[in-house]
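Please find the structures below.
Next, two complexes with chain A in common: one pairs it with chain B, the other with chain C.
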Partner chain A sequence: MTEPIARPLRSERLPLQISALSVILGGEAAAVPIIDDISLTVGVGEIVGLVGESGSGKSVTCLAALGLLGPDWSLRGDIRIGSAHLDQRSDPRSLTKVRGRDAAMIFQDASASLNPIQKIGKQLTDTVARLQGISRVKARTIALDLLHRVEMPEPEERFHSYPFQLSGGQNQRVMIALALAGQPLLLLADEPTTALDVTVQSQILDLISKLRDDTGMGVVFVTHDLGVVSEVCDRVAVMYSGRIVEAGTVAQIMSAPCHPYTKGLIDSMPTLGGHIPNGIKGQVPSPDKRPVGCAFAPRCFKASTQCSQERPGETTDNHGHSVSCFHSLTEAEGISDVENGGASVAEFPVTEGEPLLSLKSAACDYKTRNGVFRAVAKVSLDLREGESLAVIGESGSGKSTIGKLILGIEPTSEGKAFFGGQQVPLLGTQAHKIFARSVQLVPQNPYLSLDPRAPIGKQIEEPLVIHRIGTARERQAKRNELLEAVGLARAHADRYPHEISGGQCQRAVIARAISLGPKLLICDEATASLDVSVQARIIELLRNLQRQFKLSMVFITHDLRLVRSLCNRVAVMRSGELVELNETELLFAAPRHPYTRELLASIPDVVSESSGHRLSSQ
Partner chain B sequence: MTRIVIRKVLRAALTLFLVVTFVFFVLRITGDPVSAMMPDDTDPAIMEQLREQWGLNRPLSVQYVEYWRNIAKGDFGNAYRDGRPALEIVMERVPATLKLALTGFTFILLTGFPLGILAAVNRGSGIDRAIMTLSVTGFSLPNFFLGILLILLLSVNLRLLPAYGSEHWYNLIMPVITLGTAGGAVIARYVRSSMLEVLNAPYIRAARARGMTEREIIWSVALPNAAIPAITVIGFMVGALISGSIVTETVFAWPGIGRLLIDAVSSRELAVVQTIVMMTAASMVLANLTVDILYLIIDPRQRFGSGSGE
Partner chain C sequence: MPRADIAEHFEPHSKLRAMLAAITASPGLVKVALLWLLLIVFIAITARWIMPYDYQATSLLTRLLPPGATGLDGNFHLLGTDHLGRDVLSRLFTSIQLTMSVAVFGTLFGAVVGSSIGFVAARFRGWVDDIIMVLVDFQASMPFVIIALSVIAVTGTGNLLLFVLLVGFQGWERYARISRGLTLSAVNHGYAASVRLLGGGTMRVYLLHILPNIMAALIVQVSINFPETVILETSMSFLGVGIQPPNTSLGNLLSYGRDYLLNAWWIAGIPGMTIFLTTLSMSIVGDWLRDVLDPTTSRR
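On to the complex of A and B.
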């Protein structure tokens, strides 16, 4: 079955060779180098990870390799994909010959990357016919075969489905099948699993590794998740602000990072071991405000005056591990906190007595076109004062609906939700207004939960205004207090959400949420849209607030790695059912439900993998 | 799918019923056909007699029920003046209007789509700006004014085309331009903006990454997706065509139902007016029904009810 796809390994030609590439945005006058002099090679059958925070230039590198950047962009340096050669002068027609045939690309949002009004079978057939120059009849057979190869469940039936009828993971399989249609030498994978559930992610990662083994294609794997890197990559290039600051094998990078930035990223990763993630302060500079010297210097704990004046050159050791830093870390310095025994588990005093919050066989139904959909099925759980509970699950598990039941946003269809001994009032009622002082929400995307047209200081004060608390002067004092509590400067009060970073916005949202002095905070994927380096700092903030204000917390997330250092207990949800509820330590040590075990196994973890590599590299 | 179609047909029937009812009452409330038809100094007794004869003195509700009963029998009433069936009077004029409207509709599509696509593909360029300027001018010009301009230019000054008449194909040229310019201009704008939106979609970038040429992307991926919102506007266009044809027919002395309607309204020929209104309403409802069904055919998400991911 692999016959029509596999093509002979052309080991003499490197799938990708980028030399001294700079990618510039804008014309002569306002030219900004988004990518600044990078070189990268991907060998036959090699998976090279490209990691870094958002804004580091990972995606731009991939798009540039296929000439997919718009007319406002220009290139310096050169890119070779197999025998094809791309540079600034490449004309559009030669580019269309390279794309799909020599190199193919898959994207983060697979569902939006497929033509919404064409059946996937037709999209595949057309692409195979076009790229291989064969008849549609022949192409159809190959297209179906491709669906088999990407392990699509029930491929014959799915062949006649539209993208909106498939799940995100299935659509990503279709994207991969489309990428294979032209038997490319190189696959550019731009965060292909970021939007997927962990169990689906691990399947897609396995698939990509397997296809690499079968076809010998080289893969560039863009991701911000170092756990994923440990799982699938052979080599890694760490990008920061348009430059590659460190590159080497996964073992070299993960267990003996030389660049302080790489170490910062590793330390930021939450792990199953319960290590407290340690973020990187500050943020990636925008490309037009890059410092003269090392771009990372303003955020670096080892920065010296030399760093801010000169740009460090690249040094490579005899194992091919390269780094651009004046103060490369020694092996001892490089050892991550993750392995330094920095592991710590949430330990908060839990008060005895009546539970603060309790769900008693609470169920929630949604009416849909096809009848009633049970989002949450008779869930019972208690939360005591000062306790933190994690609600874990994949998309569609009902975890967010649990949050809505607790907040009184959705009524319980069966059973009841109690807070402080009283039934939770429904949103919009007078009783809810009083209740809202005690329970507040921190939603996922801070840019969506803040008013884009109001300064954040005003928004932090708003709950006080609504509840008629204090005079204008007192509110302002309270606002300053809150800004300080969440680690924002007073000057931030006058800024608008678009003027500050995502992490700062989320701090503002948290400040607003705690302004009324709530007893319970519901964090619904509160860090999911943030970079790991920022996520780590928000987690740290939440831990501090927990302690400082004796907050109870319900932490709704898909990421089990986050909860160990943050929560006393974990509730695992699946398809609306509560499948396991246990003390965090016990749940991690001895998961009882098979689904919990599957979740734990699916999570790409930095520690276990890198320790493995560490052993093998010594 | 059948269930959705049945629901849409029922809704169309309800719309038609409401329109006819509305017109029936408005016409009878706003003026008396007898006094409109007779000279002002007519003997009131005679006027009363005419009212009696045409049943206009009965209560409105009775007239209304009677009206529907007749329609069910295919009787749309007779003209007061010459006593001919209203349906017959209207049907005589239908072919002329149909010819004008269908040609106008074709003109709208053949100008709107290509210009919209051309503008979108060349976004920000001189071509784009020229097309958009033309488009603004096109739908800002009142069609009676455009009609008169065309007559002045092509008939009076250049003597290329006759100012009126309907026998030859070239008689259609000026009325069709008059009728279709605004519609074409609106469609061009819509097609441009929905093309631009689609061209920015992730699936276009993905198609490019698979080596599709720009031409293939525009015709086989972008256009079918961009056509979906444009189709809604085309549905509205049918209404604009009908009201536009009334003006156009008057300007060019075109013997269609538009001119008949103007005459019938001013002489209070209730039966004729009602028949025309009913027919135009029916064609609009039919057009919208067609659009709704076209949607179902083109857009699979409508057909299956999106959000099956839940």
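On to the complex of A and C.
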């Protein structure tokens, strides 16, 4: 191991102290407080989680702390990072000194944050030389040492690599090394593991904890994943619409949440225990539409008239657990539905007889510059009517290619894919048009899969138009039925995709997919781009549709937690091979393949997997 | 966050309103340019009715009258007369009408042909794409005036329809490039794939889904191409291989006025100024349109 280069702990200075901070966007006339009066402290060696749905102001808080907001923004209140003090009068140049040296930030997409045309060694060396004010020769040794410290595999060789030659996880390690270059007091981590596979994610989380232990830096960990929070954080602040609604230790927040919003978030989390996630209705209001009283009141199950008129003050108990709510939940109320897990799978009758879908040692090759790449290697599996199958794997495992084989987007290079006893026709053929009535796809990103220039209603009707079903009036009636089935209002028919939220978009995509009455729905990471609270509601919708229309489903995902409540069987893929295929319950209870075990162990879960109980509060 | 806003303010005529709002918010220069174009369009449409005299009527007694003069026959000539005593204002109006018609129809023809060629290249890929792109490169590396002159040399002058098509053809390669590139990225984009998966045919995907999505870029290209078409038409007419008498275009006016530049500047000067102001206005409006329509350059 290398010598630790950490500075001695500067315990007298808090890494981050935000008091009564408001961040305002726009000039005098149209000023909207994006962040509304928040206070947050990060102690030495402490990891504080900042959680909330998108639009709740987590990232803006981080950017404000680093003085990275543009000229349209202004600050009220103050921010102290170590001995540096930032407020609205701060000279922008003084902030440059703070950045990197006292505080550093890492982002979700590490490869986009690195300079693509410079070797990572050079980027590291330059940063070290600049921040520590030393010669490049000395800086080079330190840079290499940093790569060792972030546990980069083969650091000497990687030193001469370009970012595109590294994997996502390795790039994130480089980002962390860059962040460490100035030996910061404070690390701001904005969703650093969201884009990574679970096994890599758990390595990066371990690394961040370990570096925190070594250097004593404070960490603000922004995430939407409460599982990650319970894994790495010491304390948690829950943000909603620019305010901190609840803050406390991980144990306090996770096992005895006081704010209905926090409980809503916890209930939204899918767990390995098979808890059926329960989402939160509605969406975060934009800051200029924030209600007068409690911002969460319109979505809250405990809301009273007081909530919509007055803004609740913050109350703190003797253990430092603070909450802003008139109707704080009692301990009994706080107990999450996660506890009432108990799987409810396989409640759909699975028919006997010929399988609906069957892959017979199907393989798929892609031609690349360096020859042929086998994305899927001889996979065989069956799916019966009414059954739902999860295909699990990390990026590059070939799970999406399986979906493409089933949909006829890619031809099988070897073996065959059968649907309803007939071979799956290839996309673009006449036979495929008929096949399309029975098999449909719900893709990952709803915004991308809807035409941005056409109203939602028209797009839901389009399959009927393509297949010449019904008269214009009948189609309209069918469209209204579909909108209702997926939980959208009729008024949404005239909206354009950019005018509605991600969850509503995904509902529209699902409505379009079921408009032809398909037998099989392929969901390719259908909820991966959504907030947990929304994801839970989409999962609920899919479960309902499954029952209502007797749909079979192939649920392609990287998140094992999602499938337990949704699928009868699970197929685990790894580099193109099917490594394990089993009934969901059996697979979770007794994973046979070591890789399945690794996957299960990597998943950050709000429920500790050994006892089935959540972290006990102390 | 912004999505909720838009949704709440959403009204059926929001597109028109957004356009009006954009015009109101545009810089002063753009407003002036838009006004000028509006005037030109008005003249082009109503020329037959608003011109004071017959544009062909000659009167040798009132030759080369300066602007604002009244001839011996008592006729008032706001912009003076030319070397044959014809009213310059009337001739200007007629010329604007013809030049604009040629430019509008020519540009639209070029846009449709060019974009379609781009679609074809993107749809079939392979050797079709290769051949089309080689043609595009050929075209891009050759001044169009030379091609136009050689075509005229073969077909002869005087065929107005042929001339419109020829002038319009200018710039097809840029439409082809734009529509091919954008289509290729749109095809891999989720929405086109989704429609295909639903059983939608090629025509549906390309005309009903991809075309509306790449329209903004094509409109911007039209606004860039349009003044070039005007200039091409006027240069061809100036060289005497374009519009033939008795028809008249801005290029013709310029060409005949050249001989009298020293003693009767208005014959060439006024159509010259008109060409200059019109093409300049179009470029200004085009730049502005690009900023308004193109999401990559628009500020959020």
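Throughout what follows, the second predicted complex is superposed on the first by the 601 of 618 C-alpha atoms of A that agree within 3 Å, B and C clash if a C-alpha of one lies under 4 Å from a C-alpha of the other, contacts with A are read in each partner's own complex, and residues count from 1 in each chain.
Note that a residue touches a chain if its C-beta (ideal position, glycine included) is under 8 Å from a C-beta of that chain, and two chains touch if they have at least 3 such contacts.
Please read all numbers here as calculations on a predicted model, not as lab measurements.
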Clash or fit (per the criteria above) of chain B with chain C on chain A: fit
Partner chain(s) touched by A:55 [first = chain B, second = chain C, both, neither]: second
Chain B versus chain C as contact partner of A:107, first or second or both or neither: first
First (chain B), second (chain C), both or neither touched by A:500: second
Inter-centroid angle chain B-chain A-chain C after superposition on A [Cα, multiple of 10°]: 30
First (chain B), second (chain C), both or neither touched by A:326: neither
Touched partner set for A:66, first chain B, second chain C, both or neither: first
Smallest distance from any CA atom of chain C to any CA atom of chain B, in Å, after fitting: 8
Intersection of the chain A residues that touch chain B with those that touch chain C: none
Chain C residues touching chain A - in the complex, by the definition given at the top: 1-8, 10, 12, 189-191, 193-201, 204, 209, 212-213
Residue numbers on chain B that touch chain A, as the complex places them: 201-203, 205-214, 216, 220-221, 224-225, 228, 298-301, 304-310
Of all residues in chain A, those that touch chain C in their complex: 55, 283-289, 407, 409, 427-428, 432-434, 436-437, 440-441, 443, 445, 448-454, 462-463, 466-467, 494-495, 498-501, 509, 512, 516
Interface residues, chain A side, partner chain B - complex: 66, 68, 92-93, 96-101, 104-105, 107, 109, 112-117, 119, 126-127, 130-131, 162, 164-165, 167, 175, 178-179, 181-182, 368-369, 373, 396
